[in-house]
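Note sheet for the following structure.
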Amino acid sequence: MSDPLVRLRGVQRRFGRVQALAGAELDLHAGEVHGVLGANGAGKSTLFNVLGGLLAPDAGSLEIEGVQTALGSPRDAWSRGIGLVHQHFTLVPALSVRENLALGLRGRSLTEVGGVVEATMERTGLRVPLEATVSAIGVGDRQRTEILKTLLRDPKVLVLDEPTAVLTPEEVDGLFDLLRELAGEGRAVALVAHKLDEVLAVSDRLTVLRAGRTVLTTERAGASERALVAAMVGSGVADEIALGVHRTGMKRDAPARDPSAVVGRLTGVTGERLTNATLEVRAGEVLGVAGVEGNGQHELALVLAGRVRPAVGVAQVPDEVAFVPQDRRTEGLVPDFDLTENIALALSRLDRFGAGPLMPWDALEEEAERIRTRFDVTAPSVATLAGALSGGNQQRVIIGRELALGAQMLVAENPTRGLDVAAAAYVHGELVRLAAAGLAIVLVSTDLDEILELSDRVVVMTRGRIVVVPGNERTREGVGALMLAGRSQTG
Amino acid sequence: ETESTFRAALLTSGPVSDAGWYAGAYDGLLLLEDSLGASVSHQQTATPAEFDEAFIAYASSGYDIIFAHGNEYQDAAIRAGEQFPDVTIVVSGGGRVSANVVPLIFRLEEGSYLAGMAAAYMTASKVVGMVGGVAIPPAQGTFVAFESGVHVVDPEIELLEVFTGDWNDVAAAKEATVAQLSRGADVIIHNLDAASFAVFQAVREAVDGGDVAYAVGMNSDQNAVAPDVILGSAVIRIADAFLTTARLWQDGRVGGAPIYANTEQEVIDFVFNPVLLDRVPAEAVDHITRTKQAIRAGEIDIPRVIFVEGEGEGR
Amino acid sequence: MNQIELTLFLESAVRLGIPLALAAIGETITERSGVINIGLEGSIIAGALGGALGALAFEGAGLGVLSGAMAGLLVGLVFAVFAIGLGADQIITGTAVTIGGLGMTGAIYQARFGATGTELSLPTLAPVAIPVLSEIPLVGSALFAQAPTAYFAYLMAPIAWYVLFKTAWGLELRATGEAPAAAEAAGVRVRLVRFMATLFGGAMAGIAGAHLALAHAGTFAENMSAGKGFIAIAVVVLGRWNPLLVLFAALFFGAASALQFFLQALGFDLAYQIFLAFPYVLTLAALAGWVGKSRAPAALALPWEPHR
Amino acid sequence: MSAGIAPARAREAALLGLGAVTLTLGAGAVLLLLGGYDPVAAGASMLRGSIGSWNTFVSITLVRSVPLLFAGLAVALAFRAGVWNIGAEGQLYAGAVGGVWVALTFTGLPSLLLLPAVLLASCLAGGLWALVPTLMRLRLGIGEVITTILMNFVGIYMAAWMVHGPLQEQRGVFPQTDRIVEAARLPALIPGTRLHIGFGLALVIAAVLAVMFRRTRLGFQIRAVGASPQAAAVAGRIDPARVIFISFLASGAIAGLAGGAEVSGLTYALYEDLSDGWGYTAIAVALLGGLRPGGVVVTAIFFGALQAGAGAMQRDAGIPAAWVDVVEALVILAVLGLDRVRAARAAAPTGEGGA
């Protein structure tokens, strides 16, 4: 094999008490797509942030095209041909998509930028609404903008940290084709994703990180799912996750419930991005809501969760609805609060925590501790700031908290986004268990597999309208076709 | 330090670099040092809370006489005077009297009355303006006297009055002056500190623009500041007044009653600007000179704002 | 008011608005980069003294303005070193810089002209009437028979607008103020941009101060900035962080201030303190009627350290 | 947030901060020397005038700290809720006017009734002054930074008008109110000193706020809305508007107390220029105190000492007011530098105690 374009060796990085990287290694070769796997908090983003010049390593070496390099800033990384698509968006919300793209192309005149953007959109098939303000577009469009922004600079090494989580299956396929093509042009592409099948489908080689160390690097050809999962989580639990629960263990044929018990009902709800939405949610069912980002799912979720009262129409929902919102860092969590405080945010309302004017901190801390253990949150203690957690671990905290609410109804938007396989499996298991126990669950997700596997009923949102998917059309293709009807909304 | 030296302190609530009201007091303090060998200290204070603090600090560290240069000090002075009976506090423009707290009253009205007469002789438009900082009694007093000085010469003349709310805001003073000029005023008197320069500047710009207009200086002899536009100045010789007061105090004659500083002691005066004197009709100069002598002799009662507690008997 | 008075009123409005406009246009750029410089007052007063000393030293008001700009920039530099370089809190730093600026200018003034000051008479920046424009009825002389610094403000507003909204540089500046992390990730040198924007704001405030001393008053006095730094910051908000609107907002505020003196001169029998409060109340009312929300740059006042 | 600083960066930041401290203090000394003043004498008089003796500390430093303490707590409360209340200055003046009005009007009341009424009136007036920006923010979406700045100016002129007009002393001569009756005056906290019980009241409020933030639901809601109104609304189902309303008005009320306590504890009459920009200084006090009530107490006393020392520098070392301001500014900058050192050290991993 030729010399790698990028060679990372013995990379260490510490955040306070957390050793995020403890000697990670990674080689990226020209022409390859390199999948990087690892549990939440394994250090993937940290490693890529080092490569992207955002973080300085405490120790370790970086060679680019055989030359020892120290990156002082993202700017340095750019000038070395390294393009990083971050896990969390690095767009400027107040600026338009066009301006954000122009920002990526620093130094060129704005007219010149226009041409390059058009050409790149054409070439890559990544279409974004250029004139829209970023804060007004959905995460799918944001993700595409982010990728486009990076591609505009024509990087030699392209690194993508969980780019697929918010894309539709078709878009994921399109993106992967693009990545292969880019690799074919002689670039190195590195990719973090939590869905094994996705990673396996596109990668030539794979690297697995665990607890800040590289534990496995292998050719795609020689890798088995089981071995990869074992490497990610340590041997013991690997089997059931890789083979059993996640793939097939979820789907239930006959939900045990009383179909008459309607827990939530919307009648003719009309508002921002919602047109005459009428819907019933029943106890014991999982209602899947599919749709292309920006077709009203988020607004529907807010109404169902009782967070927004509709101006037109009637929403009958329980007083307390558990809610896993789409944007965990602005709606789900307060990054500057520690875990206990974040858990208190939702739970302190509960009767079991008393009703006096005082905060029951002791009980809440215990509860936080319980959630941390139960959901295996990688954090030194419940006094860790939520903002310091890895993306997946933030999601675990939110899910753990909302499930602890003990509400009659749960509305979850992309609950497993960013979760590693083990955690995703656990959450899926919980959803099924809770539904069986009589909870009404609304699962809004861009992950069609997840929806199809877990849902008793499926609806698709297109342009603010709800379309019920008949049982016989509940396939990837069937739902996908319905979703695409709403595509032009955002494109 | 000899037995005879005494310690004198000065409090001001503005910077002494204003070449005017506060500067005069500071010069006075230095004069006490030079002429009487006093050991001196100065503090600039901003708030009533600080007034108390400064009095206490000076009185308790052995200062003998404290000049508090502004009526704003009067209440704090009374409080401190009660607490420290051995100290003497002189409050410029103050209104309250006790055994050891005495107001030092500058009869600037006498000067501004004369200035008003001069203005009346010089105005062609028969409109005269007054630009003030904050409407405190001493300032209002000068305007009242100015007005009656104007009307002694010509009762038909119209007077405009503006207060800017700030002794030092030059921009406000300038616009206030421009506003009066635009209302037809062609002689402007002020009672400001550092902002007075802006009055002269505004008048100068009007003159440059082809108008005939004059300004009148106030508080100190400002004739040299803008010799091209200043008709004359109503002057307080604050330093002299301080020196006189300190001497009175040394003689044990300060206490229980206000001290007046007026034209008689030449602490207060009106001085023409020699540069422009040739424009002033001889009749006017003559009239003003005679009036000044009459005031000195106590023959004319200048209207004024009475602000000393229990005061009624005049001078 | 008759027509002549109206013209005079408008002239006065522009005169009062110009120093605010100069400082506020600079501050707009500074704030767009995510930095709120409440030490602006310090830059203004430094500009006034710098302008005065410069005009005396070089015997000309033009070079005076230049030294005023330098003095304002210097004060801005002190602010930038602490607030941007050290990442110290911007509000506290600004407070210190204001106190220090007012103090230092007083100290220098006294060192130069004696403890009791002097009756300083400066070479002034005379109004220049622009031939045709100044003849426009009513507003002509108000807008186009002003000191050269006024024309500089008219010029800077569209230039600042153009740079801010039409150039790559302006884009980076705005991105820096909205989302420094995103800007940094795109390769923008956030702290450098903020430094430059702050220095620019300081220089503009310095010119505002020089204008006060040389074009307006023809003298220097301690504390002559009289809170204009704070008002300029309010003007930036009123102008919605848009240099063109900021120019208008400054003139609006100038008009409201000018009105108070005209109403007083007209002999309205109201306590003058009520007139003095008038521009502020009018601005509040204007804001309330100024429909549509305007939003501050999202990262305004937040210190930034590249997290490395 | 600086929790993510790596060890090397932390050391660098600490050194930078130390450099800043040395530089600012050094610059102060050099400047004073250049101006012809003795820096050592200046420093000594500053210390003597602020903490030189127990009585100096109590009667000058602590007395000076009282309005800063009230206003600092007010600002801290507002900032914690994400409300940028720059309006403590205006609220202070409103509070002083409200308090003095009650004290002058209900002169017949016994102290036990009159004093609480005076303080309550300052609270109400301060809260009322904050109501305008509160409603403008909640109803019209207009940011409070500008509205509170504007209200400051209006408040100052309103107070000036009061002492020239409606509340002017009976004689109608000077721009001040009559002196308030004994029954409306705050008694001494420590007999024989100038320190009035306003200081104690401020400490009580600080303690209440501390407990509120740490222990109560309301305090938690305020912190949540301040940290992220969106998350507070979505995850916590807290109504940000309600929390903002409460915190803004409470902040105004506490700032109003700064004025009320000054009048009824110290000056016994209302004057123009009651405050020397304390409402603005309070912002620095609150921020430097980390927006924590305990921290505010410490920094308010620090600023009180600074101002007390500044007076002594003028009196005893003959340093003019302008120079004193320079020294004050440099000391604040030096403290900022120290604060950076502290922050960097806190971020550095120190075994168990880390981030």
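Note that the chains take the letters A, B, C and D in the order they are written out, and that residue 1 is the start of every chain.
We take it that a residue touches a chain if its C-beta (ideal position, glycine included) is under 8 Å from a C-beta of that chain, and two chains touch if they have at least 3 such contacts.
These figures come from a predicted structure and were not determined experimentally.
Asks: Identify the chain pair with more contacting C-beta pairs: A-C or A-D.
Replies: More C-beta contacts join the chains of A-D.
Asks: If you take the mean of the Cα atoms for each chain, which one ends up farthest from chain A?
Replies: Most remote chain from chain A, centroid-wise, comes out as B.
Asks: How many Å are there between the centre of chain A and the centre of chain C, using C-alpha atoms for each centre?
Replies: It comes to 46 Å between the two C-alpha centres.
Asks: Counting only Cα atoms for the centres, state how far chain A is from chain B in Å.
Replies: 76
Asks: Please tell me the distance, in whole Å, between the geometric centres of chain A and chain D computed from their C-alpha atoms.
Replies: Centre-to-centre distance between chain A and chain D: 45 Å.
Asks: With chain centres taken as the means of their Cα atoms, state the distance from chain C to chain D in Å.
Replies: The separation of the two C-alpha centroids amounts to 27 Å.
Asks: Hey, what residues on chain A touch two or more of the other chains?
Replies: Answer for chain A, listing residues that touch two or more other chains: 55-56.
Asks: By the touch rule stated above, which residues of chain B touch at least two different other chains?
Replies: 15-17, 135, 165
Asks: For chain C, what residues touch not just one other chain but two or more?
Replies: Residues 106, 109-110, 115, 222, 273, 276, 295, 307-308 of chain C touch two or more partner chains.
Asks: Provide the full list of chain pairs in touch.
Replies: A-C, A-D, B-C, B-D, C-D
Asks: Within their complex, state which residues of chain C touch chain B.
Replies: It is residues 4-5, 8-9, 11-12, 15-16, 19, 106, 109-110, 113-121, 124, 126-127, 212, 216-219, 221-224, 226, 228, 257-258, 261-262, 264-267, 272-273, 276 of chain C that touch chain B.
Asks: Applying the document's contact rule, which stretches of chain B touch chain C when the two form their complex?
Replies: Touch list, chain B to chain C: 15-19, 22-24, 26-27, 129, 135, 160-166, 168-176, 178-180, 182-183, 193-195, 197-198, 200-201, 204-205, 208, 222, 224-226.
Asks: Under the definition above, what is the set of chain C residues touching chain A in their complex?
Replies: Contact set of chain C toward chain A: 166-168, 171-172, 174-175, 178-179, 181-189, 295, 297-298, 306-308.
Asks: For chain C, which residues are in contact with chain D within the complex?
Replies: Going by the criterion above, the answer is residues 82, 85-89, 91-93, 95-97, 99-107, 109-111, 115, 222, 227, 230-231, 233-234, 237-238, 271, 273-274, 276-277, 280-281, 283-284, 287-288, 293-296, 305, 307-308.
Asks: Write out the stretch or stretches of chain D touching chain B in their complex.
Replies: Its residues touching chain B are 49, 59-60, 63-64, 67, 157, 160, 164, 171, 173-176, 179, 194, 262, 266-269, 271-276, 308, 311-312, 314-316, 318, 320-322.
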